[in-house]
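One chain, chain A, appears in both complexes that follow, with chain B as partner in the first and chain C in the second.
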Partner chain A sequence: MNTLLSLVPEAFETIVRILGALLCLGGIGICLRLLFIRETDMAEGRFVRRAHVNLPTVEYYKLMAFAGLLALPVAAALVANYHVFEGVHEVSACGQCHVMRPMMNDLRDPNSQTLAARHFQNKLIPEQQCYNCHADYGFRGSLEAKMDGYRHLARYVTGTNTEPIRFRGIFDNHNCLRCHQGTAKFVRVASHHTVAAHLETSEMSCLNCHGKAHPSRGQRTPGSPDYERLMAKEAG
Partner chain B sequence: MAREVQSANLNQTRREFLGASGALGLAVAGALSGWGALEVLVPPGTADAWHRSVCRYCGTGCTIRVGLRQGKITDVRGDEDGHNQGVICVKGSMLVALPYLPGRLTKPRIRTNGHLREATWDEAMTLVAEQFRQAIQTHGADSVAFYGSGQLFSEESYTANKLFKAGIGTNNVDGNPRLCMSSAASGYTQTFGKDEPCGSYADMDHADCFFLMGSNLFECHPPIFERLQRRRRLHPTTQVICVDPRRTPTAARSDIHLQVVPGTDLLLLNAMAQVICADKLYDQDFITEHVRFSDGDQTVTFEDFQTFLADYTPEKVATEVGVSAADIRKVAYLFARSPATMSPWTMGVNQRTQGVFLNNMLSGLHLITSQICRPGATPLSMTGQANACGGVRDTGALAHALPGGRLVTNEKDRREMEELWQVPPGRISSQPGLDALNLFRAMEDGRVQAALVMCTNPAQTLPAVGRYRKAMEKCFLVVSDAFEDSETERLAKVLLPAALWVEKEGVYGQTERRYQLIQKLLTPPGEARSDLQILVDLAGRLGHGDLIKARTPEVVWDEWRQVSAHSKYNFAGITYTRLRQRPGLQWPCPTEDSPGTVRRYVGGDDPLVTPGKKVEFYGHPDHKAVVFLRPYVRAPEYSTAAFPYILTTGRVLEQWHSGTMTGRIPELAQASGPARLHLNDQDAYREQIRHGDRVEVQSRFGKITGQAVVDPAVRQGVLFVAFYDAKLLINEVVADHCDPVSRQPEYKVTAVAIRKLTSAA
Partner chain C sequence: MNLRVEAGGAILAFIITGLFVVWPNPYFMALFSFFAQPLFVIVIVLYLHRVFRELRAKGIV
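Let's look at the complex of A and B:
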């Protein structure tokens, strides 16, 4: 039973992918069909019969246009967005870009002491390890993160990124505070209270006192002693 | 018909193809312009440009990145590629506020009729030069002095040292490192022949046992404590032993806490040595090859050492130390038997009348057990200030010293420096100058008439400070500082506005022989100048312009690194260009292609070691390190009926030294709160003192009043007060006894009495 349940999200994801693909193909098919409309098809008094329904051709093609140009693309976009937002929850989604391999390898490195690796080693985040600390990319995250995500994609697809990649923008401290704020350990540190305003706006990084989250830029620079290890392909 | 349809379709297709192509083009253009727009629109974070730098505060010397936007610092982050691996503390995080704090000095001020009035630079410097010249002419060169700081840049300390010792002709050059590192410097020099440690922070990643004595790493060097914790997480069997009269946050996180009676820890070290010798935990081969024993005057044998230790069995000393004999044995075994033992220490060891002996013995324990010159095995004196090592110890800007480990009393050393500085032989005085306390005592009786104090606040930080404040009033005191209203400035005759941190350029050198560059990123406020500019100006006005030819930071640095090439401190290969490219380099580093030295005296790492040798302590002529027989002497201050408690002082995490900078940053000031008097609950009960009561603390040296805190972390019979708060000027009470060799005062042991004044509201 457990095995079956564990398969459900994967099966659901596959269904979502198939649904999205069908919507896309449907939309493309309808658009192609619309391209081939002849003037005579639109003549007055002609009807199209579909599933026991007789429709005037003009109305029929209007409906097709609505479906092909608006309804299906919007539906496909919604499904695709859903797929993307759900997909980025998974570590494997982040690992699809090779520039993310150092983060993936480090996350699972039992000898690493980065914050990501420590959270992983201590099983503090049992799944969706990337997304849990980078929730901004998810559906409820900020528009800024989406914009930056699109920028990353554009850079990656066009090959205009350079290694080591560098995070641009301000990492939202709420990704940390969501779990840590209010814990006894957090509360008993006097300076957490006095710099609370800076933490709230993310002007002051939690990483300052608590260490790096991932391998440093120096380690991720081609030619560094750690580069080959961090870029090993078994990540993913 | 079929052809018509095809034709019609083809026509349609072409038009539509063009349309589709256009649409596709539009989509691509849209995507690209969307990307382009996002490249502009996505906010670039907290800063537009990032520059590598070094934290302004403690001796950890954290590498940081300073973020600028429109010429203003908008963020400060730990540099992940620095030795601190991105970790800084809350003080470093608040550096962003430092240059913009209110109360900056922007114009020189001259005291007239008891009040400081604004003046021009020319007016102020003319007066300073006139007073210095007059004192030198009337009372001789030794009537003027320089009192510097472990926070000046190396170029500044080097220039001051050269100006006073080779120009003016006095060795009265000292500074606040006398108050914090002097015992470590003397200890290293006696044991290894050269100052500065053999190990590095990198050893923390390999140590199996940490012996923390007199060090509250958690609060005083937080990024280093984080590195220690990283080692423990990766290697959970790592043992941390903390020796401290208080249950500090460091002690609370240690595996073993020896809560010793203040002032007795040489007994502990000797007892550990006794156990190591009696139980044969030493490394005979290493001792034979690399160690010489000495009673301080002459060489003795290992057997003599063991005989000397017979008086220090754990059972004999346990009661006086205040811990059990079993614990002493346990710690001795852990120290000797762990695969790699590392001992970081700080002021609890240095600020003692037996500070040098303690340093000797700590290094001695590492030497007899061969817990040295291997990854993770090393003694490591943690620096108090960010540039006490590089700026003051290495440049020899202390009353007894000359650059590169030379001594003013050694004729060969003087001749070498005179040649390097191109001054006539005999220019440098053979008389050691006045160390910190003697310097201020000389102000009392007029032997020192004029003094230049740079980047430090002795009116708050000297022990028994009441006496020295009165002395400073008698002297023509010139103070160069960045902020107004420090305790020392209230006594100044002339106040010079100094540039701060990234408002000037220079090198900082911290604990592990690492030199790092601080680049100039900001313009100083108002008319503030760098301390180097002030020294160059003064040199010119005193007629030493020809001596001080290097007048900009990089030129001074180039001169200094070339001078270093003539010593075992060789860092000729550390250029500004290299420092701009990386988070510092560790010396020895003799050539520009040298990667620097992580472990000194180790073959294959230290370029000064004879090729083929695994370990070579080249500081002494016989290439051996010295283990001294150091007898315990009771501290001059001890518990009596009149003064039953022992006062010890220290730091807190959120404040730096006398709080001139951090005390003005609200986030830090609120976190630390005002300083208070911490006493044990049993003592509080005996004295009928409750939490929050106002109490009076009195010693033979002075008295103050403050608010009491009942704190079980303090050992019974001990009173703890942090020294950052000028409103609770604890140094009024602290004794000014000194180590006879290092002349470092004993801040950690003062006998006091406590009296309740009023109850808490």
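Let's look at the complex of A and C:
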């Protein structure tokens, strides 16, 4: 299934979008009918004819209530949660919050030496570059990361965040190790074996030796010489 | 069967969810996550409460 979806990600996204819109429109239509229902519509002995089937009005409205107040809300919420957890895999999705723009612009800067930019320049991660290193946010990620994501979202939309943003938690090294661990290049480095236990528990950050992942807080501070360049919109 | 409150709540939640699905952005995402989704849960709970009350009144459950 995943292979199939990866072949047609854009088409799948469009299908999900259309399906979501149809579910919501259907739900609104049914609920509007329920909202303006009259006592006389529910009178005994009245029938509704739909597709060659005669249904007592009361039963018909009960079916509508089941669809509009239970089945469609569940379906619409599932489709919308696809966007919450899976739709955010694209770099452009992360860049929709302007505080993320410095990371996105730096990633694509051919002259940058940050870890993220070097991965991008060498095509080590061909797509979904943000998500591949921050995989905890997706559907299969940890609950802690999801709570963090909701906190970030709440702070962003309420304007209670301050620039430059900073990562409060501890970055899970498994985001790096799931690609690098066991590769010939990784195994060849003696210090990886020395600190293996610390890397495994994320007690020691990969960045201690491999440099910063993104532009520094100083560079991302409004008013700094790099701020305007990092915030340029056209790179998005 | 008066389900006006539930239907009104569901319409509001459907509108927000629809906007988020068609134009996903941080603001609609926040509205969906913190308002529409809990509203759907409230609507479903109120609806199921009605259903069980009716079934109990009929002696089915």
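Keep this in mind: the second predicted complex is superposed on the first by the 219 of 236 C-alpha atoms of A that agree within 3 Å, B and C clash if a C-alpha of one lies under 4 Å from a C-alpha of the other, contacts with A are read in each partner's own complex, and residues count from 1 in each chain.
Please note the rule applied: a residue touches a chain if its C-beta (ideal position, glycine included) is under 8 Å from a C-beta of that chain, and two chains touch if they have at least 3 such contacts.
Because the structure is a prediction, the values reported are computed rather than measured.
*Asks:* Is A:Gly20 contacted by the first partner chain B, the second partner chain C, both or neither?
*Replies:* A:Gly20: touches chain C, not chain B.
*Asks:* Between chain B (first) and chain C (second), which does A:Ala154 come into contact with in this model arrangement: first, second, both, or neither?
*Replies:* After superposing on A, A:Ala154 lies in contact with both chain B and chain C.
*Asks:* Name the contact category of A:Ala190: first (chain B only), second (chain C only), both, or neither.
*Replies:* A:Ala190 sits against chain B, while chain C stays out of touch.
*Asks:* Using the superposition on chain A described above, determine whether A:Phe47 touches chain B (first), chain C (second), both, or neither.
*Replies:* neither
*Asks:* Examine A:Leu35 and indicate which partner it touches, taking first as chain B and second as chain C; both and neither are also allowed.
*Replies:* In the superposed model, A:Leu35 contacts both chain B and chain C.
*Asks:* State which residues of chain A lie in both footprints, the one left by chain B and the one left by chain C.
*Replies:* Dual-contact residues (chain A): 35, 150, 154.
*Asks:* Which residues of chain A touch chain C in their complex?
*Replies:* Chain A residues touching chain C: 16-17, 20-21, 24-25, 27-28, 31-32, 34-35, 37, 42, 58, 61-62, 65, 68-70, 72-74, 76-77, 79-81, 83-84, 87, 93, 96-97, 150, 153-154, 156-157.
*Asks:* Across the complex, what residues on chain C touch chain A?
*Replies:* 1, 3-4, 6-8, 10-11, 13-15, 17-18, 20-22, 24-27, 29-30, 32-34, 36-37, 40, 43-44, 47-48
*Asks:* Inside the complex, what are the residues of chain A that reach chain B?
*Replies:* Against chain B, chain A makes touches at 35-36, 38, 111, 113, 118, 144, 147-148, 150-151, 154-155, 158, 167-170, 190-191, 193-195, 198, 203-205, 207-212, 216-219.
*Asks:* Mind listing the chain B positions that touch chain A in their complex?
*Replies:* 5, 8-9, 12-13, 16, 20, 31-32, 34-35, 38-39, 41-46, 75-78, 80-81, 85-90, 92-94, 96, 222, 226, 230, 233-234, 653-654, 666-668, 670-673
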